[in-house]
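Two complexes follow with chain A in common, the first pairing it with chain B and the second with chain C.
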Partner chain A sequence: MRFFIRRGTFYIITAWAAVTLNFFLPRIMPGDPVSSAIIKSGGQISPDAINSLKVLFGLDNGQSLWEQYTSYWGQLFRGDLGLSFAFFPTPVSAVIQQSLPWTVGLVGIATILSVILGTTVGTLIGWRRGTKADAVLPVATFFSAVPYFWFGLIAILLFAVTWDFFPASKGYQPGLVPAWNWEFISSVLWHGTLPALTIVVSSISGWILGMRNMMVTVGQEDYVTVAQAKGLKERRVMVSYAARNAVLPQISSFALALGFIVGGTLVMEMVFSYPGIGFVLYQAVNASDYPLMQGCFLVITLAILVANMMADVVYAFLDPRTRQEG
Partner chain B sequence: MTTVDTNNLEPQELPRPDAPGVSHTKQGPPKPKKGSQFVFLRNSKAIAGMIILGFFVIIAIIGPWIAPYDPDAFSDQLVAPPSWEHWLGTTHLGQDVLSQLLVGTRYVMIVGFAAGILATILAIVIGVTAGYLGGWSDEGLSLLANIFLVIPALPLLIIVASSLDGGMLVIAVVISLTAWAWGARVLRAQTMSHRRRDYVEAARANGESTWRIVLAEILPNLTAIIASSFVATVTFAILTQVTLAFIGVTSPTDWNWGTILYWAQGNQALARGAWWWFVPAGLCIAAVGVALALINFGIDEFVNPRLRSTGRYARVLRKRGVQARVGFTPIDRGTTHGGVVAKSQPGSPPGGNSSAPETPGETPASTNVKG
Partner chain C sequence: MTTTAPALTHATLQAADPILEIKNLSVDYGFGDDPTHVLQDVSLTLNRGEVLGLAGESGCGKSTLAYGATRLLPPPGVIRGGEVIFTGRDGVKTDILTLNDKDLRTARWRDFAIVFQGAMNSLNPVHRVGTQLIDAIKAHDKTATKQEARERAAYVLEMVGINADRLKAYPHQLSGGMRQRVMIAMALVLEPELLIMDEPTTALDVVMQRQILEEITDLRDRLGFSVIFITHDVSLLVEVADRIAIMYAGEIVEAADAKDAYLRPRHPYTKGLLNSFPPLRGPRRELQGIPGSPPDMAQLPNGCRFADRCPFVMDRCRTEDPALSRTALKMSEPERLVACHLHDGKASEVPAELALQAPQK
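Entry: the complex of A and B
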């Protein structure tokens, strides 16, 4: 239980830090994004919305910093992240709400696939170290050294332009109405295949390398030697003795790598014009839409915290030591 | 105290005559006796990495001079494929892609290394302080590092960079502010394992100041870890700045590899099938990344001898017709004793795998029991 309390406290502090960072960022930055946006909107913006933006960006000079901070929190709890400039006059929260499921679906499925595949391959390579299987290592190194988005470009060039296998962009066939029918779902799957495959290909090498190194390290522990000396089946030693212990650091590094992977997939969405939160962030950057950018950052950070918490639960489930403490 | 320093430089690297039983029954070679601190330079992976990296550093220095064209100059050959005139083809405005690549190398290298150096300094200051002092300052600094590890760097960088529209040093500073946490975490763990070792206790008993103990006694022993975290940070910085340039949040008129990709993506290079426009830049990024990864493999194998020995021993065993498997403990020639599991073991649980960094070298008692 101590483990969970400790981690829970950490997540609360981190969430607070992220929100506070989000609060201070526009106040430190030079310039006045709100006035420029008001000018751009040509007077269509309501006084209420202006007020909400001013709270978000710290431009209501009458208030002290503390009052600004508390009213900022108040707005957050009401789910008010301001108005988006790029999708005027849609509220930021609505824009994000629309795009979040796409990202969660794509990143979630691709990441889980990549972890499972990478860990399995890493187990096998680490087990058969020194054989031809090691040839995977330089390839994996190359793949981990390339930015995700460049893979996206190459994938589009090969599989969408040169050979017309997959669509090059968008999340579903333009013209279809989102609904729970087979036509729409198949279109979503069809459009999601190439981005998902690219994410798997570019993120898998990290898992392979990590698992391989842990297998090599764990493989020389005494309990593995004993298991082998007992005459247990090869497979059983590999899976239940070596891999079972080697996989624990994989889970904690999963939690840590998540921020990096999500960053990479955000850019991937930009390449594929996939209607997720990364593409929204891209449009926000191009339109200098600061409320939307900040909303994206906040939501992405909170999503990563939730994923981290789930990884912790899995960790505690797999490693009895964390449960026994306290 | 200098003698203590050299003796403790990479304690796990020293030959250990009293290592586990099998060690000196058979074969004698390879002996990392004298000058074992240069083992790193004999590592073929590290050498290959250094050569590739050196090539790009030279390009970064001389690139603008050897570029055949002005990277901004227009010509009437629009989106032309590679030819003798333009080795890597041209862009939608007739600019020479090779020249853009050559000129852009400097930007990439400067930002990468500047961010790497800044982040490593931050990591050393925060990590070593936390590890050495312990207590509340450790709790606080570790919390700070963990927060920075969890908060996604890229979205934050996109926001900051897009509102700063700064030059390359601003980008380097901003990247380094998000990149130090990992190194600090690793350095903290290593410092903690060194804090109670005999040589530090001896220095303390001699009445050396805390500053001197940290700077002159502990830091030299962390060299390999610092180097590996520096290399990893440079990789991160290069990937990140190229990504930022690709998205278009940095100035699109400063040439770097990401800027090339930005213009290529924005001008339908994909639909036109203009592969020469964006493939070379990506390959350059990959080459630098692979070079840095190779250097880091070299350092890793230097720090964690288990990784180094496995491939070699397995190959030797196979020649003798023995199938190497994990359970098959390779013959320990005296170098693999008590390897430090340095990387690849990030978040070991509070009470979990902590045994690893504690042991290297200094357990004559336990080895005597075994022998």
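Entry: the complex of A and C
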């Protein structure tokens, strides 16, 4: 129990630090939407117009940084992340709510697939190292070494243009109304397949390599030899003694990867014009849209924290040594 | 078995009842065109109920011999030839080296169990001690219920002096000595006929060493298994072993009754090894090491492998490899084998310290 309290405290402090940084960082960055509007108009804008822009964006009330900081916390607890500049006047929370499920759904499923497949393959080739199965490695590494945007474009070229298997962009068929019916869901799955596959193919080598190397290391441990000497079935030695221990570092990597799902594979969403949070973040940065940026960053940080917390719990469950009291 | 053993002489035992016969076992390290021949035609016989000590410097092939004979050699170790005949209680002989995978799995732990060198790493850190004990039972006895397996596991734990409630403990919650006991308990859980112990006490302090040795001797008397005890500590062997085999550079250079080997070594290497350890009893004497180091196994010299370090080296030793055979004193010591030109009867003079005679009874 003390373990969880200690970890819990740690996460609360980390969350506070993250939110505070998240508040200050955009304010340290040069530029604001009003000045970018002035620049866009090439100086052909009257002071009155500037003033009304400031009022519009809520930049006129002359609050000190501290007042802004405290009111930011107040708003956070009310679930109010402010209004987006780029999608004015939609609230930030609504923008995020709209885009987040797309990313989490697509990249989440792709990541989980990649982890499960990669770890399984890594287990097998790590267990029988030095056989022909090792040939999987250079192939997988090749695909992860190719820059993703290029890989994505080639995939679109081949599978959406040359052979018309999959749609080239968007999250679903334009013109469909989002609803829980088969027509819409099948369209979503159809549109998600190609981006998901590209993510799996380009990320799987890391999982294979990580697991394979751990399997090779753990395979030399005495307890694996003991398990073999005990006359246990090959499969049982591989799964329950070697893989069971080799998988632990994969869990930490998986937690990190889970956090980054929300940060989105920005490039993927751009290449496939996918309506996810990475794409939104990209637009927010372009428009100096602080509230939206802050909102995105906040969601990303919290997601990473939550993912880490889950990993801690899973880790404690899998590795008794981390449960040590005191 | 053990209750009758003292009544029999060793000679009759040897003829009557071998449990493990290693014949001409050869092991290479490396797969390529130029592998290193670590063991070449090593033969060794273990009799039922006997504790055979295997001693020698680090890297002389003691562990390789044990792992080779049980087919547990990690790559790049390759068994190149030989036979390892195991004779069960029922008298059935099997060659461990030619068993198929399934039969090998069945034989492991039930016929021969192993206590490994590093007690610290022999237990899987993520499974409870009980799980790992029960694992071994379930793998060999499909009919055992969970309850039976648990009781059996608890019983062997108590046998090595650990409270049965420790079944629930994880390895990191046990001390080094306790872990070693758990490993011994685990090795005995199926009542194997042969126990191979690879430096079982090396990582422990002397007090714990003593306790564990006494326990092993005790358990052997009760359960009647045979033991191959591997260590580099010869004076320790004298305490536990009935017979001692000394290895040097991948060969057995001397095999004799434990007391004989200790009090009256024949091979210069045995003598040197004994001089490297303080005697457990008797007057203090200065320790002498053996000058030099073992030969590079990849580039073995012609002739005797010990020639470069031997204080009694002769011209013959540089060209002729001595065979492991009876000594010139064969009448008085029928079961001593030694691989040294000094003892083949042709040497003009055997140094006095290598020709000590047993006191007449």
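A few comments on the model shown:
Basically, the second predicted complex is superposed on the first by the 273 of 326 C-alpha atoms of A that agree within 3 Å, B and C clash if a C-alpha of one lies under 4 Å from a C-alpha of the other, contacts with A are read in each partner's own complex, and residues count from 1 in each chain.
Throughout what follows, a residue touches a chain if its C-beta (ideal position, glycine included) is under 8 Å from a C-beta of that chain, and two chains touch if they have at least 3 such contacts.
On a predicted model such as this, the values are computed, not experimentally measured, just so you know.
Shared-chain residue A:244: touches chain C; no touch with chain B.
Contacts of A:65 after superposition on the shared chain: neither chain B nor chain C is touched. Once the two complexes are overlaid on the shared chain, A:12 sits clear of chain B and of chain C alike. Applying the stated contact rule after C-alpha superposition, one finds that A:220 touches each of chain B and chain C. Looking at the shared chain after the overlay, A:228 reaches both chain B and chain C. Annotation for chain A, partner touching more residues between chain B and chain C: B.
In the overlay built on the shared chain, the residue A:318 is in contact with chain C alone; chain B does not reach it. When both complexes are aligned on chain A by C-alpha atoms, chain A residues 130, 220, 225, 227-229, 234, 319, 321 touch chain B in the first and chain C in the second. Only residues 130, 220-223, 225-234, 236, 240-241, 244-245, 318-321, 324 of chain A touch chain C when the two sit together in their complex. Across the complex, chain A is touched by residues 70, 72, 74-75, 101, 104-110, 113-114, 116-118, 121-128, 135-136, 139-140, 170, 172, 183, 186 of chain C. Contact residues of chain B toward chain A in the complex are 143, 146-147, 149-156, 158-160, 162-164, 182, 235, 239, 242-243, 246-249, 261, 264-265, 270-271, 273, 275, 278-279, 281-282, 285-286, 288-290, 292-294, 297, 300, 304, 306-307, 310-315, 317-318, 324-330, 339, 341, 343-353.
The residues of chain A lying in touch with chain B in their complex are 3, 6, 10, 13-14, 17-18, 21, 25-26, 29-31, 33, 126-131, 134, 141-142, 144-147, 149-150, 153-154, 156-157, 160-162, 168, 209-210, 213-220, 224-225, 227-229, 234, 237-238, 242, 248-249, 252-253, 255-256, 259-260, 262-264, 266-267, 270-271, 281-282, 285-286, 288, 290, 293-294, 296-297, 300-301, 304-305, 308, 315, 319, 321-322, 325.
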